[in-house]
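Okay, so chain A shows up in both of these, paired with chain B first and chain C after.
Then we have the complex of A and B:
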């Protein structure tokens, strides 16, 4: 496999995306807003007191970090996989001497860079405005980083295998909308997992959506105990393995099914 | 006047025919509509499972507000959104320069760009929104007097007018900077109307009331229905919405004068 070509592609994509930054800043702004809305809703609900241990300040800390980690784990490229299969772009990638995964990877990394250029200053400014509190200790930071990386890989591959169903069904991207909805409801966006109704919390901890988004933030803000962290990492690893297996299965079947017309 | 009504009928018919060509899309749109409503309802269930009320808003009154939000959203995606988007959105006519052809049509320009395209599948959203609204009114439990109903309809109309004015104003900004997707900004900001403006911090509340009146669009009609709206605020809202409409129309006209076509 040609990794040098892959790296050149990654650099190229990210430089070209930075030129269209206005567009990407708008996308980042759009993703930020729902989280800000729920931060303000829960802050108003908590008032001067606290809800299940969450005060206004800790809610603000949770949501501001979630805004950043959500953008770092959001796989925007999943949305274009279907289009590339439909219009036949994928034919060109298949004959290049490197894995087509690099095209997704280059866009992913380019996206993260451009989004952070916008989102880090904006969340920083918001932090000055609303005074969040976060108890950060070094263990949490060390555990946060792999959790964040795995969350991205899980979210990416889970969306990727869904998007690859476009080999058979033209509108497979509607499954991605379904996934986004589940992440919003059960992945700590609508509410931190601890604020969900009691009957829903075990379900949210079992399904993969928490591990795609809220789990690293919970670690960093110290919401989970050591044992819960360990269990979380186990669940994350299981879902991640499953996602990669599903990706490989769907990809191999899809490639055999794929027929390009014209060129 | 009748001429314009007939034109809207024609626009609707043409758009409907175009969309009916992609009939399988119906199921995708249905899925998105269901997701939208379920997310809205579920959010309220989760929030009011934790607290009885937020700054005076309990579950039924928040549900009324959600119904109004969904209703405005449905109207936006039914015609305001697609029509204005076709001019000011991504690959819109001002980007591509095909706006010249629109200007040549012998009708009022603002009318043309506001009512031209209809997305008939948004009628599903409209039905869901009305369903939520009716259910919320039932849950509210107070019998509706004629006066309350009139107040509600008047403020709801004002809310629709405010939404239209905001969309038109943001779309008009594209005449000054054609590379920026102003319509996306207002679509994003509209999400703030999902919850009562009173729950936001003071500085944000002031912005959402007077500068980008997203907060008024849903909060005021919901208050009118619950009977907590003062007559002064009711009259102020109606005047404000008419003023916003006039202001946005003037802005559009100013922008139109600036339009210098794209070379082709």
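Then we have the complex of A and C:
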């Protein structure tokens, strides 16, 4: 482990990214839009009444928190892993006495800060305009934080091992697009899990995508019971363990296959 | 002599390269039935390098020089063969190994382009765990040697190619590695900058006794820096020894250049008596003779005693010509 180098990298990435903050702010804005659209769609569907227990106000609360949690868990660096392998850029990381994982993680951590600089004020402003209702209590907040952290780690490693397939197939990033689509459908973006068709809900609760995105928001907004929370954490832990094992497996084999093109 | 720091035995690397005929039809076919071809980039190479040596790895484009360096720096797994560098197997990429080596690539940057070099250097010093005091001391020394004080605060993307290369070298030396793999360190630089980098490498090698393997297409780099050269051609090591003996082996002749004080009539006829002398095209009053090494002393003495010589010099053929000959023929 080389935390000293990792911390130096994070600071460096901040400086580097802040040079392009306009780009990252636009990216963050782009990620918000579909969620805002679905918030409006479901609000219209709920009308003045309620939809499976959701009112306009609780839907607004769910989606505004989801906007932030989605950006905090979105592993933006996974998109560049494949490129770095394909054009041989990871060569320079491989010859450093530090796991190349640090480069991805430092960009992740640096990125979250840059995105939040934009997204927190914007969602704050939206909250003032649309008056969401969120029933927050201290237990939910305490459970929300580890759920959010694990969601990010799961989403990151799941995307990372997919991206590492670039060692064999040079355009593995299409798998990342597929992962995003599944999160959109089954991770609480298109609709809160409770609003999905009955036959789809157990599938969504079984697959990893809910735990990458909606699960922490469901906890914070009080949509899940104590038992559901416990089961959720168990599923999350299993998927997380599997993601890390897959990452290690693919990395160790991929690195032998690496061709270090260029230069 | 001390134990070699680099030992390479029968190192071989074969790449599997996808192959496709031009055109859309072939692209579609390759989608269902991809074709591959094995390319032997490095074939059965063995050599040893001792601590403090500076070795030039030369050969035409695609000869396998960079692939060899990539295996030695741990970037590539070989297809077969062994290598031990400083007691480690490079491709295991042990942290303690990576801390001791540096790979500087002329066409690949180790710097972050968005921020000034100073910031990248600091991150590298943290990654390599260089103590703060040592770091500042080394940095001062390198900046002075490279004369690059003025570059330190500009973002890397605003630097010229030569300035960036200086930064790459500093980045590669900050943690005082024992072994340097330099891949085309003077690529694309102007003559003055090439000379500066060469002088720097030479004095750095003298002061720090680092072991260096350098690849370059500029023979001036190799003649200035490397007493020993290894020549790779089509993945095979075809020569390993002193640069001078490569020239002797390949060009078993020298050039005698002369000028007369008064014109000599029928000089070509006069030369007929020497079977091992060949007259090269004359430039104005300057004559050039290609003479077998063994005959040089005798021919020179006779010319000096029998003809009105104003000026005479004996030279080795230019090394570029020698190397070019191997690249063409493919063997030594």
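Everything below uses one rule, namely that the second predicted complex is superposed on the first by the 261 of 263 C-alpha atoms of A that agree within 3 Å, B and C clash if a C-alpha of one lies under 4 Å from a C-alpha of the other, contacts with A are read in each partner's own complex, and residues count from 1 in each chain.
One rule holds in what follows: a residue touches a chain if its C-beta (ideal position, glycine included) is under 8 Å from a C-beta of that chain, and two chains touch if they have at least 3 such contacts.
All values derive from a computational prediction rather than experimental measurement.
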Touched partner set for A:258, first chain B, second chain C, both or neither: second
Touching partner for A:95 - first (chain B), second (chain C), both, neither: second
Chain B versus chain C as contact partner of A:29, first or second or both or neither: first
Touched partner set for A:233, first chain B, second chain C, both or neither: neither
Which of chain B and chain C A:16 touches, first, second, both or neither: second
Touching partner for A:178 - first (chain B), second (chain C), both, neither: first
Residues of chain A that lie at the interface with chain B and also at the interface with chain C: none
Interface residues, chain C side, partner chain A - complex: 15, 66, 70, 73-77, 93, 95-96, 98-99, 101, 103, 105-110, 112, 114-115, 119-120, 122-123, 126-129, 155, 183
Contact set on chain A toward chain C in their complex: 2, 4-5, 7-9, 11-12, 15-16, 19-20, 88-89, 91-92, 94-98, 255-256, 258-260, 262-263
Of all residues in chain B, those that touch chain A in their complex: 24-25, 28, 31-32, 35, 38-39, 42-43, 45-47, 49-51, 54-55, 179-181, 184-185, 187-189, 191-192, 194-195, 199-201, 204
Chain B contact footprint on chain A (complex, rising order): 22-23, 26, 29-30, 33-34, 37-38, 40-42, 44-45, 51-52, 130, 171, 174, 177-178, 181, 184-185, 190-191, 195-197, 200
